[in-house]
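Next come two complexes built around chain A: one with chain B, the other with chain C.
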Partner chain A sequence: MRNTYLRLLHLVAGVLIAVLLGIHMVILHLDAILGFFGVDATEPTSWGAMISRAGQGIWVGLYIALLAVVLYHALNGLRGIILEVTPSPRTERIVTRVIIAFGIIAFIGGAYVPIALWTS
Partner chain B sequence: MTENNTKRITFKVQRYDPERDSPPHFQEFTVPTSRGMTVLDGLIYIKENLDSTLAFRTSCRMAICGSCGMLINGYPHLACHTQIEEFHSDRLTIKPLPNQPIIKDLVPDLTPLFNNHKLIKPYILRSDTKELVNPTAEFAQEPQELETFLQFTYCVKCGICVSACPTSASDKLFLGPQALSQCYRYCADSRDGGKQERFPVVDTDHGVWHCHLAGACSEACPKGLDPALAIQLLKRQLVSGALRLGKKPPPSPVVSPPTETKPKIPFPEFTVK
Partner chain C sequence: MKQIQPRQNYLGVGGWVWAGKYKLERYLYLLHRITGLGILLFLLIHLVMTTIFRIQGQDVWEATMTILHNPWFKIGEYLVVIAFIYHGLNGLRLILQELGFALGRPTPPIYPYQDSLRKKRPWTIAMVAVMVILAVVVLFDFLVGGW
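This part shows the complex of A and B:
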């Protein structure tokens, strides 16, 4: 059932992207609408607001989670496309390993920035 | 076929003999046709009157055997189930089914299709093998249980769904809509208990999850089946199994056949003495 679990995770990651990216978009780019509903989000894209968010654990967690689900969803999808045109099991193994390695490196690199800002 | 109501149609047929030709090429034949004539009738006319070396596969001529699948004017059809006048054209381009190797002319090699079909174990699997081998009674099945998979039992294994499938075109290891829909057909059968043997076959990198749901298989099926639906239902069974959702009823029990049979309908009176 490995492929079923991978595909289920792919679908869950897709839903999580919609939720997490939705939060990001609403807070950062729809501040006028938030103001309409009485939420004060003054200049959320300013440097000060960004540094302030970087110090809050909930935002760090949100961005690291968004990075993880985006990487999984994108790389698992890419793997599926590549496997469709690779008729050899050996090539499949290489593709899977390269994609896992790339995903881990990209996650470490991407997660470093919010963690470094949070701990500084 | 009288001269008055015949129309002459050009059949542009792909020819290929792997022992003589390097690339496939086209040959044109002019065939006199009449109302109701099928593409297969036209090909038989060519073989009998114009070129006896033309190779194509045919058997029942009534869309039951699934032998005469071919690409007619760019779309896969059963030649015996397709009338020439459906195309409203004076020219028909006929090629062998795509996504399969060609043996000769219009004869595709369906070995991969049947190999994939065999992989999913297309027969009833149960733990009580003694009863399967030497049956003493019947496996009970309600009409409602039969309805859940009945349409998929009408598959004639013509290979048209595989030819129409875009995933089969790009992924040569893909199991294909035929095998996957037949896997659902047996997994959905209340008499069957073989999910655990079939699921590992379809739960692979080239199995059920590789279906893009293009729906071309359902559109092309000459028997009106919906293999795309079967694949989606098979995915649902896999997810339910993985998450341990829903009830898992055991295979239907063995029941004795009814002792009372319906009275036979009397043979009608002879109308001619």
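This part shows the complex of A and C:
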């Protein structure tokens, strides 16, 4: 039953990623097309543009939310693939623990930097 | 007495590619997996870049951006975008069909067999068409603004 709920969460996270990553990709990468539609998009990967985004709470919240759902979706997907290739209760325990530990470390590291830049 | 266990998943990774006659949807699923692993690899690089390199200040950030504007990285970025589009659209189709939408009514198994997925193949074709259109739009953006 636990894997069923993990899978359901995987689907929900997938839909959330489609929305959040859509925003992230359009703002950061479709600058030429946004310019064509009259939206002023200065080079979004320049230091100035990045710092001005990092100072706005809405972007900080969006990035941390995106980080959380992406890490869940990615690591749960990886866990599913590893367990399909090497099925055994022992691998399941080890893989689950390693993946949870990695996810927590990646989330803390990934959430610390936007918060540090926001408050500095 | 020792119980004989059936061999689990005896085809292993080879079974992803071939275990008898696979239909189109099965290969879309294989591609879903490959793009997922590719995006995971990108995610790790992206996280290192936006945490460890970004926190070190403007000089390190701009040096990183100069490296990333190399044409080979641009081609890699384009492949990542294509993988995102594919994984997202195919994932949407998988979610809808897993929840029972876009499947069609079941019919009695009379030859030639028509399973529910294949009756709704136009949806799959439409998804691939949308993907190709988005890929061209993004390619346009890369060529105009990115190089």
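By definition in this document, the second predicted complex is superposed on the first by the 116 of 120 C-alpha atoms of A that agree within 3 Å, B and C clash if a C-alpha of one lies under 4 Å from a C-alpha of the other, contacts with A are read in each partner's own complex, and residues count from 1 in each chain.
Going forward, a contact is a pair of C-beta atoms (placed from the backbone, for glycine too) under 8 Å apart; a residue touches a chain by one contact, two chains touch by 3 or more.
This is a predicted model, so every value here is computed, not measured.
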Touched partner set for A:Pro87, first chain B, second chain C, both or neither: both
Touching partner for A:Leu62 - first (chain B), second (chain C), both, neither: neither
First (chain B), second (chain C), both or neither touched by A:Ile99: neither
Chain B versus chain C as contact partner of A:Met50, first or second or both or neither: second
Contacts of A:Arg2 with chain B and chain C, given as first, second, both or neither: first
Which superposed partner A:Ala18 touches (first chain B, second chain C, both, neither): second
Superposition-derived comparison: chain B or chain C, residues of chain A touched: C
Partner chain(s) touched by A:His29 [first = chain B, second = chain C, both, neither]: second
Doubly contacted residues of chain A, that is, touched by chain B and again by chain C: 84-85, 87
Complex interface listing, chain A residues touching chain B: 1-8, 80, 83-85, 87, 92
Chain A-facing residues of chain C, complex: 8-9, 12-13, 33, 36-37, 39-40, 43, 47, 50-51, 54-55, 58, 61-62, 65, 81, 84, 88, 91-92, 95, 98, 137-138, 140-141, 144-146
Interface residues, chain A side, partner chain C - complex: 11, 14-15, 17-18, 21, 25, 29-33, 35, 45-47, 50, 70, 74, 77-78, 81, 84-85, 87, 106, 109-110, 112-113, 116-117
Chain B to chain A touching residues, read off their complex: 167, 170-174, 199, 203-207, 209-210, 238-239, 241-243
